[in-house]
Amino acid sequence: MAAGSSFGELFRITTWGESHGKAIGVVVDGCPAGLPLSGEEIQAYLDRRKPGQSRYASHRNESDAVEILSGTFEGMTTGTPISMIVRNTDQRSKDYSNIQDLFRPGHADFGYFEKYGIRDYRGGGRSSGRETIGRVAGGAVAAKLLESLGVTVRAYAKSIGTVSITSFDEEEIFRNPLCMPDADAASRASELVTRAMAEKNSLGGTIECVAKGMPAGFGDPVFRKLDAALAGAVMSIGAVKGVEIGDGFAVSRSTGADDNDGFIRKEDGTVTTGTNHAGGILGGISDGNTIILRAAVKPTPSIARPQNTVDTSGTPCGIEIHGRHDPVIVPRACVVVECMTALVLADAILCGASSRLDRLKRLLGR
Amino acid sequence: MAAGSSFGELFRITTWGESHGKAIGVVVDGCPAGLPLSGEEIQAYLDRRKPGQSRYASHRNESDAVEILSGTFEGMTTGTPISMIVRNTDQRSKDYSNIQDLFRPGHADFGYFEKYGIRDYRGGGRSSGRETIGRVAGGAVAAKLLESLGVTVRAYAKSIGTVSITSFDEEEIFRNPLCMPDADAASRASELVTRAMAEKNSLGGTIECVAKGMPAGFGDPVFRKLDAALAGAVMSIGAVKGVEIGDGFAVSRSTGADDNDGFIRKEDGTVTTGTNHAGGILGGISDGNTIILRAAVKPTPSIARPQNTVDTSGTPCGIEIHGRHDPVIVPRACVVVECMTALVLADAILCGASSRLDRLKRLLGR
Amino acid sequence: MAAGSSFGELFRITTWGESHGKAIGVVVDGCPAGLPLSGEEIQAYLDRRKPGQSRYASHRNESDAVEILSGTFEGMTTGTPISMIVRNTDQRSKDYSNIQDLFRPGHADFGYFEKYGIRDYRGGGRSSGRETIGRVAGGAVAAKLLESLGVTVRAYAKSIGTVSITSFDEEEIFRNPLCMPDADAASRASELVTRAMAEKNSLGGTIECVAKGMPAGFGDPVFRKLDAALAGAVMSIGAVKGVEIGDGFAVSRSTGADDNDGFIRKEDGTVTTGTNHAGGILGGISDGNTIILRAAVKPTPSIARPQNTVDTSGTPCGIEIHGRHDPVIVPRACVVVECMTALVLADAILCGASSRLDRLKRLLGR
Amino acid sequence: MAAGSSFGELFRITTWGESHGKAIGVVVDGCPAGLPLSGEEIQAYLDRRKPGQSRYASHRNESDAVEILSGTFEGMTTGTPISMIVRNTDQRSKDYSNIQDLFRPGHADFGYFEKYGIRDYRGGGRSSGRETIGRVAGGAVAAKLLESLGVTVRAYAKSIGTVSITSFDEEEIFRNPLCMPDADAASRASELVTRAMAEKNSLGGTIECVAKGMPAGFGDPVFRKLDAALAGAVMSIGAVKGVEIGDGFAVSRSTGADDNDGFIRKEDGTVTTGTNHAGGILGGISDGNTIILRAAVKPTPSIARPQNTVDTSGTPCGIEIHGRHDPVIVPRACVVVECMTALVLADAILCGASSRLDRLKRLLGR
């Protein structure tokens, strides 16, 4: 795990592949046996992050068709590793030849060069947005597992640039190209994006993710707190610079009397919190309420206007980045946040299965 | 690791101990051999989080004296596990007897009850602030290691309630009980805290942490991005509800042209970024600039005023929490954020040692 | 985990402490909540490996009294880390002063010196037999957990030097100081040991371990095969130079027709194998039959007769090792093999809890 | 890692794929950047385990052609995951249709059925010998890395059935189909195998593996002892039932005076052991001498003669296994043992890079 291409304890994914290599893929290890799973279900998730779908997304032309190579038999998971692959069909490395010795501002080029001692200029290799294909294919399996256990996860754009949503209509998320659950905000945001494109500039935004049906009592007390795992998972998505749970940064200006969520008994007799300032997690463990998190996404660093930088020899120079880039990556990043959240919750449920002796005895019938 | 009391890959700590048990401790595994280390150095860090030091801190009377039980010989680390223990001397479990069947609002009690099937009412067991003693003792070793490699880490209160710092004087951090680097802000904040105490209420705040001297090229590209590891580490501290790196949430309203940090060559010939919107990390890898992060800390959930909750049978009832609690935990949490940051950076440097074949050959003299 | 003082995935122990440091201990993380556990139960296991119990064991005088510092409440495990400590009371470092610059033949001194760059001459630090105290205290908890699930583990001396057992009486294991289940073999072996002591020499032997009641279907298919985990666990015990499962090395001279274990249906309707050449594990997964393994233990390397070696500067010289050493460590190592086996089986059961969706649904009542 | 398809700490492989699925593959994560690597080099290792190469090997007709999908650029590793895939071209699942409800003696079928609740009868899925393709492709990269650091690894058949080698000629290993370094033993062994085939029976054997040039001071003191890691790695290969290091089980009958390896100074001034009873590892750490291990391989469980078993309903019945199976798998398993050994040694070297502060300072130039 130290090299960092694997994620999760019991429900674990390992991703591989560069933006301009032959293919990109993921291995899902630890998915329980007996889960119905089809390539179409995975494809539906991948299609949500696919480029070239709107004028606000990179025009790179990729079908991003996924192939399941192992781990299923007769439409069900077998418990063995699920390997999935997506071939890169439209690399165009030449797009990058003019900047192969330059470090792009806002990109990982320089860090990679220091870390690995080489300059793989082809679109940033593993730091490219295409790296998220593996996360999404793997997260789709986690989401399917959660669904079968009654847990649903959904992410959407809460703000783009300076435009935030003021209403919520879940279906609207899939109706506008910006994945905002508020049609009016979406149209105002699209004007902003159009202007940014005209100015060879880019925008950022925030993504909100909501998980419903998570049972209480999952997550761990200390370093593997459920919110800690979620924060690490979401912050590991390129371009995310902040993560908050529940009321997040606003709690710093609140008081105990206002922020505490009192416990109540629901009609079905189960216990949960009345308010949800905590975002469904207390002390790192799910409290039975809806889990809510938000991520801050920075503006796309690749912009067409001239910028200053240095080359691999350290010599100052100017740079102009052409290639094909999204003016704002928030819309395509929503499904990635959703998938990373699903991976964390699925893993927490699997790890929690052994937290009590009475559960184990029931499991073994002993 | 799944049970979550261990943290780190090569530089790893494992913490143990409950607030009202016999003792609390940590095992540091993977610290390189040859590092000068004394109990006094560890104690200096623990003293910064010790209770009873000001009228803004719990009056629990603990010396929190640390004992190093293994891993050092003649004042140097040996490379074997460093075990450290702090005895609990002032438990007063009776403080909790009146609420032993109630779930405290804003606390992990209910989640623990669901997860473990038992109610350890003694001050929250592992969810108590005393759990951080292990983090601080272990983090002090990491900070010592970083120091010997030229990396320094410092955290302080950036805001308490609605009062934020407007100036920065590092020495002031240790002069006022609120750990704010701005004497004026500190005095205004202390009035806020005094009022909150009078109202049987509590406050939150934000903590900022800066790491200087981190070499470029450390961290990993995907799931173990340096910022992802930092976010998970800091969010794993109880009461933290948000984490941001560099400009953090503000980037969501910025543009690529404004947010990108152009690379420059320093006088010493090394490369770094001119501005530092990214907070010293690009694509998950250090860029040679100062690493900056902030954490949002919620108000202390234990407040003396009456609140509504339910008991272990789910019956609604009122609760009044007496015991001894800080009106704001931000000041004592600063050293914890500092230590978690140090643990992540030390681990990243150890893991990075093997990222290049030329480095390995040099290490082995082959 | 890379530094290697932790063992296990979900049921994990982390050990610490040097032979001549202040204390030795272990942290057990991931033990399910609700397991009745007392210090007396742990002590009973430690007493089986305690020195000074017979003329065949080191005369070092240690009470090896264990103290449980965390993780239990009102006599039951709470699910939080169980920290246990044993103070060293009789170090006598002076015993080693005369060899502090010499590398003892058969010992790890030289490897440690190369690895860590320092020479901790005090009885070998972590390579001393006392390191196993942490394994035994942690393994005792695993054995207790297994017992509550109907699985029992027992290890004994199968041979000492050239004397092997020819009969089996479980109670005899605890009657003779050599832990052999065959009184006649034990008396013949004790003559061998007496002679070796007179000749300032030492002996080795083999340990056999059997686990009964392990349910079928636990373990993993590839790298975490149950037998692979057992082999790694047992080979990690100092002085063990070989491990075999079931018929072990004898299978290399057998044939498929003779070695295959046909499956049968037991009276209770469950399936298992008729013969047990495989030792209860097929393809890395338990088959419902008794698990059997054997370990080869080398002769104690510390012997009083003069030997040739070099010092830390590489200069050839003679060495005579006095101190207090067992002429054969097999008897005291039996409980260590038993505990490492218990740790592996407990972990396999915890990890197996999430292998099937139907089990998870049952656990969550969904 | 708990699901067990990943192996290693810093140099880590994750394998996937079933015998009768679409493909089999491996992801190598953590390989240092800058290592020259070509598909031909990987193919050369895979060809050594390929079926259909002699009358002693399964006639399954597979080219086992490997494709490198990521992790290299311009013929060098980039430090990012190296994904490799081998397509299955000759599945013939029908071969198994007649036994799809039966549990094959000596196979993992029953354990899988209990663990996963399903019966994937297609040649055993992950328990098939084809699973080792991923190990060999990944191990070939590790071997290449070791080679660049001056460490070489070689495995061969030491015995087949009752025939053991009595001489050693390294080149002979590649001249005879049984991979024995002794032509005479090879011809006698081949008569044994021919007879076993005529009797619809199968044979086992032992494999010896030798690693030269491993520097002293690598491996860890406790649970990750170098020999423990090797034992777990080799025992994780299907059909291996025993592992020993150096003199292995023979040490149980030796004495301290005979078994201890005295240290000597070599002409080049470095220190090592004169004799090598320990097999190059003392206390879990390399001592600078040649590393030697042996594995016991059981006879191929799939034999054509009638055997007794039960079906998935537990009903006793007879079974005849046709398909295509090796009469002895030892020859093809040699390269697998070699690769697992290389993986462990490469990982130990990477993990060891951070064991000393002086090394880290040199690394960072601080």
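Order as written gives the chain letters A, B, C and D; numbering starts at 1 within each chain.
Going forward, a contact is a pair of C-beta atoms (placed from the backbone, for glycine too) under 8 Å apart; a residue touches a chain by one contact, two chains touch by 3 or more.
Being a predicted model, the structure only gives us computed values, none of them experimental.
Among the remaining chains, those touching chain A as well as chain D are B, C. Homomeric contact chain A/chain B is classed as same-residue, with over half of its interface positions used by both copies. Put simply, the C-alpha centre of chain A and that of chain B have 25 angstrom between them.
Measuring from the averaged C-alpha position of chain B to that of chain C gives a distance of 37 Å. Spacing of chain A relative to chain C, judged by their CA centroids, is 44 angstrom. Looking at chain D, residues 1-6, 9-10, 15, 30, 33-34, 79-80, 115-117, 125-126, 215, 221, 351, 355-356, 358 sit in touch with two or more other chains. On the side of chain D, the complex with chain B involves touching residues 2, 9-10, 30, 32-35, 77, 79-80, 145, 148-150, 215, 221, 349-351, 353-364, 366. On the side of chain D, the complex with chain C involves touching residues 1-7, 9-10, 15, 103, 105-108, 110-117, 124-127, 131, 159, 161-162, 196, 199, 201-206, 215-225, 227-236, 238, 241-265, 269-271, 273-274, 278-279, 281-288, 296-303, 305, 307-310, 314-316, 351-352, 355-356, 358. Contact residues of chain C toward chain B in the complex are 1-6, 9-10, 12, 14-18, 21-25, 27, 29-30, 33-34, 67, 69-71, 73, 76, 78-83, 85, 115-118, 120, 122, 125-126.
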